[in-house]
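The next part holds the structures, each set out as structure tokens.
Two complexes, one shared chain (chain A), two partners (chain B, chain C).
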Partner chain A sequence: MTNDSVKLDILKLDAWFGDKQALKGISLRIKPKTVTAVIGPSGCGKSTFIRCINRMHELTPGNKVAGTILLDGADIYNDMDSMDVRRKVGMVFQKPNPFPNMSIADNVVAGLKLIDAADKKELEEMAKENLKAVGLWKEVENDLKKSGASLSGGQQQRLCIARALAMRPEIILMDEPTSALDPASTAKIEELVKALKTETTVIIITHNVQQAARISDMTAFFYLGELIEYDETRSIFESPKSPLTERYITGRFG
Partner chain B sequence: MRMISRKNTDRLIAWLSLAITIIAIIPLLWIIGCVFANGASAINLEFLTDTPAPYGESGGGVANAILGTLVINTMASLFGIPIGVLTGMYLSEYASSGKFSSVIRASVESFSGVPSIIFGIFAFTLIVTTVQHYTALAASFALGLMMVPIVAKATEESMRVVSDDMREAAIALGIPKWARTVKIVLGVARGGVITGSLLAFARISGETAPLLFTSLFSFYWPTGIDQPMATLQVLIYNFALSGYPDRVLQAWGASLLLVILVVAINVVVKFATRPKYKEGV
Partner chain C sequence: MINEVEYVVKINSEIKSMLKIVEDLGENVQVALENGRKGMKDAAFEASVEIQHREEEVTDLCVGSLIRYQPFASDLRSVTVALKVAYDLSRICRYLYNITEVLEEFDVNGCDVSDVSALLKDARSMVSLSLQAYFTKDRSLASDVIKRDNSIDERYRMVLSTQRKSSSEKGDCILLNGLSARIIERMADHACYISNETAYLVTGRRRSYR
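After this line comes the complex of A and B, so read on.
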């Protein structure tokens, strides 16, 4: 059942850390070329949720996943190899993590270079194109050979987004990508996220409900491993259906 | 009152540790000073470019031994460093906490404590008695084995301290494990691996016992890696005990060359461990 208006179809997703259940029966559909914000208090399962989408949750021994996730109709747990899933579903982490042993340009194309050896010219082009896409090109044009670790935190995070974009992912997951950054860098990343949805689908975890309101089309509110409410961001913020959601977004708990 | 006594204790400990450090450094400086004082006058162009003179004649040099040490050490490194790096890589990235890996880890630990003469006898039994003559290859084999645990431990430790953020970043890009391990984790850890390898090289540069059983000595230029070969270490051993004043002087000179080699390696280590890219914008 491939449906053009569904990029990611999540059905009754459960996840465990050993014996502890972290996600309970999550079902939601994500439309292509949208930004979905995932909000909720610490420990509510937000990170676990997105780590199930690129199959990183299962990497820790003892962790388990049940349920179904369909990416363009393909079951990512049964029909796809985990490596292929991760190439189609990119991820940006909370703490910028460029490879310090590689230059800025090499960081951008690290995935391409280490997976299928492309030719040098092509890689240089890809590096340039993706650095432009994250608005970093002008800033690093003359320093492409410097270490990725030489950049400021905000620049490093944009470099990591460029690195994920270079794989031409169907979906980009972001785990609180601005929580370690200053306000100016945060604003740049927010603009970037909004721009990204012309090409790809973004799922972003944020602790900042204003940020969710600013950048997302859809918002999912998680609480204690359950999906409490999932709706258009405007509806969530203007007329939340659950009192829990209302209390969270108005800052009364969390 | 209490305050004063605490400060005094502080001062006492500081002075005491300084005094003991100086006492510990004295023999080291003494040795180096002694080698310089006695060996410097032996070094001239002939000493660096010629083979030893026949007994009873003056002059001659140690060039064949310099070359021999470099050849044997290089061959040992070509053999010992890759095995050491792969072992360290296995222990850091692939070994689980199971029994097999703890056996390997314990072996590497005890391997590094084995006296060097045992490596010499091992190579002697395995290679020299088989081919029926002394050979530089056996020396490289013995020294290469000695390098393995040093390089393996350095590699394991420097790969272990690489942050998991790096591994996760690579996993999230869909980079396969071998490439993550070799290009990312080993890449980030390369400074430590290079340091370990150079220290292993320095360590085997001072070994004499394994060489007495394997490459032995030669008064001539090397004729092949499967032949006996002169080394600075064995030359020092032979010449120092020869009783001829000229030779004893040359042994001092050769000692000085070895000290310079080891110091040079340590300087290279300092350079090699500097970050590849300039930090800061």
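After this line comes the complex of A and C, so read on.
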């Protein structure tokens, strides 16, 4: 992989919760405009891993990070401000978390309002554009003033993705974004993830190995804080090199 | 796969039944070829129909397991390989039927069939061994079967060469030998395909032909 084709270069990443080491020497390179699935049993370090990528891990007192994460060649811990990192690296959580006291439209542009001095008209246009990008516009165009909390779970999750997209992130991290959704809503999110990679790099944590196989280009398997295998998704799911990966994806443990 | 007993065992049981049909038919075709015996065509056709049904059964079981369990890695390979092995056995059975058609078509009295008879015996052995390698996931045995294909190809060309040069053989005998040799050579190819699939099943890597 040449440097030009690397969006995120992670080198010997370690992370701790107090004295407990959660990540051990993780090194991997992520290409731009790809979907990377992160899989592994509970407690293997998946969430810690992506929280290191947008510098959320360090927000909890006592947590530590070591190693290097380069975003387009810039060290996110030494060369960049944490707010810049979080602007470039958006996050979508497991449980949809729209701001309940804000309207649907305001939810989408909430982040923009904090950092940009865009006028009302511009913000309305941005809300529309991003709601369209997540396939929510037609469902809510007549209810833009209603509370974000009035939407269904699947719609709320797409609203949260629209909110993340509005910040024009270069990377979107998703932490089990469909685990609380029904099959139809899950399918919509999966389609959205595949569509997002034309513009953005996506890293998604999932416990659903079938979902990882459906939507990702690359898959990383974590176990006990270590990266066991990282390869093209097809290779991982057809012929994994590590017996541990084989046992995990065939449902023999985890 | 969680319910391996339900699917993999059923699939392999069907494939074993298919192998039994092929081995029994192969033995009968061998005797018929060596003795110039006619009248086997209908029985061979019935066997090929039966094996086709069983191939469909394997397909249904494989599709069922894909839908129910969405298997990955070695579980996934066991399903995709089973589909191919069942298809190859169905083709091999069809080739045996084709030999009975050839026997039916020509006057085979007095023909020297020693070369094609030996060729058929070897091809049948390759089929049995390829399935043994598949069931036991024996990559080394699968590899041995693949190596034997070169000898079959060579002997097939020798049969053609001998028949082409023959001045004493009657036309029916030349056609019997030439057509049978070609059919048997294809049978052996399918034994190799099964062996290639077994190697893939075990290693997860496909043989490169480039």
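Here is the rule we go by: the second predicted complex is superposed on the first by the 252 of 254 C-alpha atoms of A that agree within 3 Å, B and C clash if a C-alpha of one lies under 4 Å from a C-alpha of the other, contacts with A are read in each partner's own complex, and residues count from 1 in each chain.
Everything below uses one rule, namely that a contact is a pair of C-beta atoms (placed from the backbone, for glycine too) under 8 Å apart; a residue touches a chain by one contact, two chains touch by 3 or more.
Remember, it's a predicted structure, so these values are computed and weren't measured experimentally.
Asks: By the touch definition at the top of the document, which applies to A:A110: first (chain B), second (chain C), both, or neither?
Replies: first
Asks: Where does A:R163 make contact in the superposed view: on chain B (first), on chain C (second), on both, or on neither?
Replies: first
Asks: Contact-wise, after the overlay, does A:I249 reach chain B, chain C, both or neither (first, second, both, neither)?
Replies: The answer is second: A:I249 touches chain C but not chain B.
Asks: Return first, second, both or neither, reflecting whether A:Q210 touches chain B, chain C, both chains, or no partner chain.
Replies: The second partner, chain C, only.
Asks: Could you say whether A:E58 touches chain B, chain C, both of them, or neither, answering first, second, both or neither?
Replies: Neither: A:E58 stays clear of chain B and chain C.
Asks: Counting only touches as set out at the top, which of chain B and chain C does A:P240 meet: first, second, both, neither?
Replies: second
Asks: Is it chain B or chain C that touches the larger share of residues in chain A?
Replies: Per-residue touch count on chain A favours B.
Asks: After overlaying the two complexes on chain A, where does the chain B footprint on chain A coincide with the chain C footprint?
Replies: Dual-contact residues (chain A): none.
Asks: Could you list, by residue number, the parts of chain C that touch chain A in their complex?
Replies: 1-2, 70-77, 203-205
Asks: Which of the residues in chain B come into contact with chain A in the complex?
Replies: 163, 165-166, 168-176, 179-180, 183-184, 187-188, 190, 275-281
Asks: If we count contacts the way the header does, which residues on chain A are in touch with chain B in the complex?
Replies: My answer: residues 54, 56, 59, 83-87, 90-91, 93, 95, 97-103, 110-111, 114-115, 143, 145-147, 149-152, 160, 163-164, 167.
Asks: Mind pulling up the chain A residues that touch chain C in the complex?
Replies: 209-210, 213, 237-240, 245-246, 249-251
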